[in-house]
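Sharing a structure, written as structure tokens. Questions coming.
Per-chain residue numbering starts at 1, and chain names A, B, C and D are given in the order in which the chains are listed.
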Amino acid sequence: MPRTVILGVIGSDAHVVGITILEQAFDAAGFDVVNLGVQTSQEEFVEAALARDAEAVLVSSLYGHAAQDCRGFHERLAEAGLGDLTTYIGGNLAVGQDDPEETRERFEAMGFTRVFDSETEPEEAIEALRVDLEIPPTESERDPVRART
Amino acid sequence: MVRDEKLSESELRRVADDLRGDWPTAEAVDFRESVEYHEALPPSKRFAEVLESADRPLLQPRAGVPRLDDQVRLLTHLLEDGRADLLPTTIDSYTRDNEYAKAQEGLEEARETGEDTLNGFPAVNHGVDGCRELIERIDGPVEVRHGTPDARLLAMVTFAGGFQSFEGGPVSYNIPYTKRRDLAETIEHWQFVDRLAGLYTEFGVRINREPFGPLTGTLVPPCIAIAVMLIEGLLAATQGVRSVTLGYGQVGNLVQDVAALRALRALGEEYLPDEVAVTTVFHEWMGGFPPDEARANGVIGLGGATAAVAEPDKVITKSPQEFRGVPTMEANAAGLRTTRQLIDMLAEQEITLDGVDDEQAFIERSTRCLVDAVLERGDGDVAAGTVRAFEAGALDVPFAPSESAKGAVLPARDDDGRVRILEFGDLALSDDIRETHAARLDERATTEQRPCSFRMVADDVDAISEGRLIGRPREGES
Amino acid sequence: MVRDEKLSESELRRVADDLRGDWPTAEAVDFRESVEYHEALPPSKRFAEVLESADRPLLQPRAGVPRLDDQVRLLTHLLEDGRADLLPTTIDSYTRDNEYAKAQEGLEEARETGEDTLNGFPAVNHGVDGCRELIERIDGPVEVRHGTPDARLLAMVTFAGGFQSFEGGPVSYNIPYTKRRDLAETIEHWQFVDRLAGLYTEFGVRINREPFGPLTGTLVPPCIAIAVMLIEGLLAATQGVRSVTLGYGQVGNLVQDVAALRALRALGEEYLPDEVAVTTVFHEWMGGFPPDEARANGVIGLGGATAAVAEPDKVITKSPQEFRGVPTMEANAAGLRTTRQLIDMLAEQEITLDGVDDEQAFIERSTRCLVDAVLERGDGDVAAGTVRAFEAGALDVPFAPSESAKGAVLPARDDDGRVRILEFGDLALSDDIRETHAARLDERATTEQRPCSFRMVADDVDAISEGRLIGRPREGES
Amino acid sequence: MPRTVILGVIGSDAHVVGITILEQAFDAAGFDVVNLGVQTSQEEFVEAALARDAEAVLVSSLYGHAAQDCRGFHERLAEAGLGDLTTYIGGNLAVGQDDPEETRERFEAMGFTRVFDSETEPEEAIEALRVDLEIPPTESERDPVRART
């Protein structure tokens, strides 16, 4: 049975190309992907996760306002009884030439299970999700997940 | 249905009065006084004149930070160390969403923490005085660059604030930039912006308007981009705009890029009324960049070389830090200088490429198909026709996040690296044109021994960031 | 008088034995054992094979530091982070002067202080074992790059040390590199080097030889560079060399550079015996660089673009730090990646430039004039002819520091930026060719409203470092 | 009466383009230039200065070995009774991406009157020489000498 994951770009961010590629990759890897598209609010993520009984929420943000857009997101998930959900965030998460390590720590502190930068290959996220959702590996996997994530 | 008609002055005034309530700084906007303010600006700050009288491609970066002093410092650096000819002020994303309260929050946070918590300059929040201070402290022409579907208040404030150039348009700042904005409404909003620019123009302040050519920046077929440029140019002209800069984003194939820029200029001059001064702007590669500054410099180098051959009036440069995030001012200036060096080394060389004329003819023919389809659907009215054409998918943009576009078009590169169309959806291209696209992509499929598919498109999307132009299958794949 | 004849083995042995006294490390050189050593090297380290079987332009940087461990670190970095295809080991200037004692002093100082007190790797001082350690620790083919007029001992040690490629030649490493070396003697010295390479070749170790194409790097007219390449290729072939890479340094005019590289390849294949595998190498701009890394990247970008169009077998890259001094390894790797990105983005595009064929024909005609003059003066013997031609100025190199060249030729750019000849001295070019040069330069003089003079030449020398190609008079000058 | 200056590239350095430009510029500025060319030894500089009764010696070095090549140069000049001569050095004076300030100090400490980097325009050196040799300025001058030299 395919596992359901919610995918979307948060806030007023309209960068759609990344999630288009991710959707296709997760789909090809056998997941049931619900793509909410760009400019998705926190509420929409929570509603979709509830409605579709999702096991993971994948948040994308490219334009630099991720921190402001994600404020209170995990509290909202917890209120909806989704406190245990696996949550990933990826993209260009800060404005400017940030220190990737600091950025990762900041978003982990906000509650995200894993934090990915914009160099992430879809395969890395897929492999991470297999680990986190305890899905047995299939032949289709290619790159091992990076050590640091 | 929205129509391509000139807004009356009373309508303009009514809307302007309505908008005044949207944010406190709007109160300070006074048209007559602003015209006088513009008249007092020195020639070096008159955007349209500087651009239209240039005898070589002018360079302009993108740049915007939340705080005023920082923005002055940034633009001064780009002027002095980057030798930019034209300057930008890039607006933050909340302002683009008309979320002035959120922008205010970000601005205050920026002021407190000293960090750039916004991805641009919130001009509405800075208000007329803030904008004028910026214009006064910068010794060059400055343009508002943004991505705002409803830019009416932004235009009111920034025009009053002394800016003489304004990027965007109802299609180019809706379809690639937002999800749920109604296209007809966006056209109305931009009729206001254009009418306001037109009014300034009538009072002797020629505001330059620049439709955003690159659209989604990702493998946009030239005919689609140019069709949108013509539509927005026509809409602006109707409202009295007399200085229009049509844009185009590099696709990376030298012949196709040169051909597209020539087609853009030729069709722009043909379609737009004679009283409009048409200029062109070339955007260095707008898609995903390599995650490596050295390789990014290679991409910028190809952009500069292409500009040198095609000779647009203006070039929007990229920085080697494009991949990672908003660049430091040093990196931004570096992108300018790398581009300048290439253009100036190539400028005096006569470079004539085979195949440009054929490709240009093909692009022009395709663009005419699209624009004709728009006009037909609007019974001659470009505004109504645009709405209907997008509804029907007769006009469409690849990777469009907007619900106002079908988003059914899928582009892919052919064996020579030119961007062709793989999935047309209902795009209004004639059969013979479609066949040409299909034939070129079949050649590639044969070379690669794999079918044309989304896999190919995805590979093309990543190709430049991975150090090549065409997304050939990697070893072991097919 | 020196003659283009194959050195006998006994003569080779005699000279080799004489040289053994020059520096202690020479003692360890043993030809037979060295052949075995080479035979055991993996295919990835066989320079000629890697180069000759490549299906795209291979990239090679310049790099040399005094200490062995540092050199390994440097080359490893260029291989891994720069993705260099071929590696260099650049030799220091004292070794080039056969001042092994001074090189030793520098090497010891480097070892003590940790600073790079030499501008290259003193291979003779490191000896056969040191060289072999280097070859073993580097996973790629490595070439000796230097500038040594009398490179006999250097060749003995480095060939025995496992290097399979050796840059230079009697003209190209004399005329631009030294003041008082006698050309006839230098030819004899290089006959030894080539004969040694030829002997290795006969024993199955195909040593690649690469005449240094850019000469003085400063506005060298293509016909002069190519004539020297053909001379050195012929001399090497006589001694049994079977893998020759002919070089050319970018002048910055795209059409002229592409034409010159094509002429180089065509004439190389025509003039050199069939049994010689001829490849070509393109050097990114060898003259003065801009004192700014961003603008330097523009120069490198144009080099990469030119290489992509001309498709030489190999490209020698520059770094953005060229102006200031020997680059850091990071900057060196950056130059490689910028070049790679440009080449790979352009590689699959069909780019055909107008005017290349005409320019190529002109270059070929001019080159034939020069080579014919050499052969005539030598009564068919290229060695004797070269000495006499340089004595007479029938062959000459601009900005040559060597007393063996007249140094009477002065180059300047024409209105299109192509390098032409302003002062011919006694250069053996026919009248009609001279007239073409003069006519092109007259056009420029007219454009600039100033006479052709050394001022023009000086302006051209500075032009690229100042951000342009042609040294147009600055405001207020004429 | 034109003032005599000696010009040359020291050591085994063969970079000739810079001194060719300098020779021409000094000549045009009215100096009597004795150009010794490239690969000039310390002895040759001293001999020429003596023989031509020069007022200044201009040493050029591009290839990075200037420090080693100039060791003892000023001592040698002093021995020849030329201790008061104005001496300039210019070019790429160290190997690698050196700190220009440090390099300048090092060569000043060795005895050079002024030290120029490779960004030097000939006009700057001419103007400096006018100051040091107390030559009244003529109309031909263009750029003022840089403050730091």
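Going forward, a residue touches a chain if its C-beta (ideal position, glycine included) is under 8 Å from a C-beta of that chain, and two chains touch if they have at least 3 such contacts.
Computed from a predicted model, the values in this text were never measured in an experiment.
Engineer: Please work out the Cα centroid separation of subunit B and subunit C, and write it as a whole number of Å.
Structural biologist: One centre to the other, that is 45 Å.
Engineer: Give, as an integer number of Å, the spacing between the C-alpha centres of subunit C and subunit A.
Structural biologist: A distance of 53 Å separates the two centres.
Engineer: Centroid from C-alpha atoms only, then distance subunit A to subunit D, rounded to Å. What do you get?
Structural biologist: 64
Engineer: So the centre of each chain is just the mean of its C-alpha atoms; given that, what is the distance between subunit A and subunit B in Å?
Structural biologist: 30
Engineer: Residue numbers in subunit C touching 2 or more other chains?
Structural biologist: In subunit C, no residue touches two or more other chains.
Engineer: Which parts of subunit A, given as residue numbers and ranges, touch two or more other chains?
Structural biologist: Correct list: empty.
Engineer: So what shape is it, when you link every pair of chains that touch: line, ring, star, complete or other?
Structural biologist: Contact pattern: an open line, chains touching in sequence.
Engineer: How do the chains pair up in terms of touching? List each pair.
Structural biologist: The list of touching pairs comes to A-B, B-C, C-D.
Engineer: Help me check something: in the complex, which residues belonging to subunit B touch subunit A?
Structural biologist: Checking each residue of subunit B against subunit A gives 93-94, 96-97, 99, 102, 105-106, 116-119, 147, 176-180, 216, 218, 287-288, 291, 321, 323-328, 331, 399-401, 454, 458, 461-462.
Engineer: Can you check the complex and tell me which residues of subunit B touch subunit C?
Structural biologist: 252-255, 290, 292-302, 304-305, 333-342, 344-355, 415-417, 464, 467-470
Engineer: Taking the complex as given, what residues does subunit A use to touch subunit B?
Structural biologist: Contacts found on subunit A: 11-14, 16-17, 20-21, 24, 37-39, 63-65, 67-68, 92, 94-98, 118-119.
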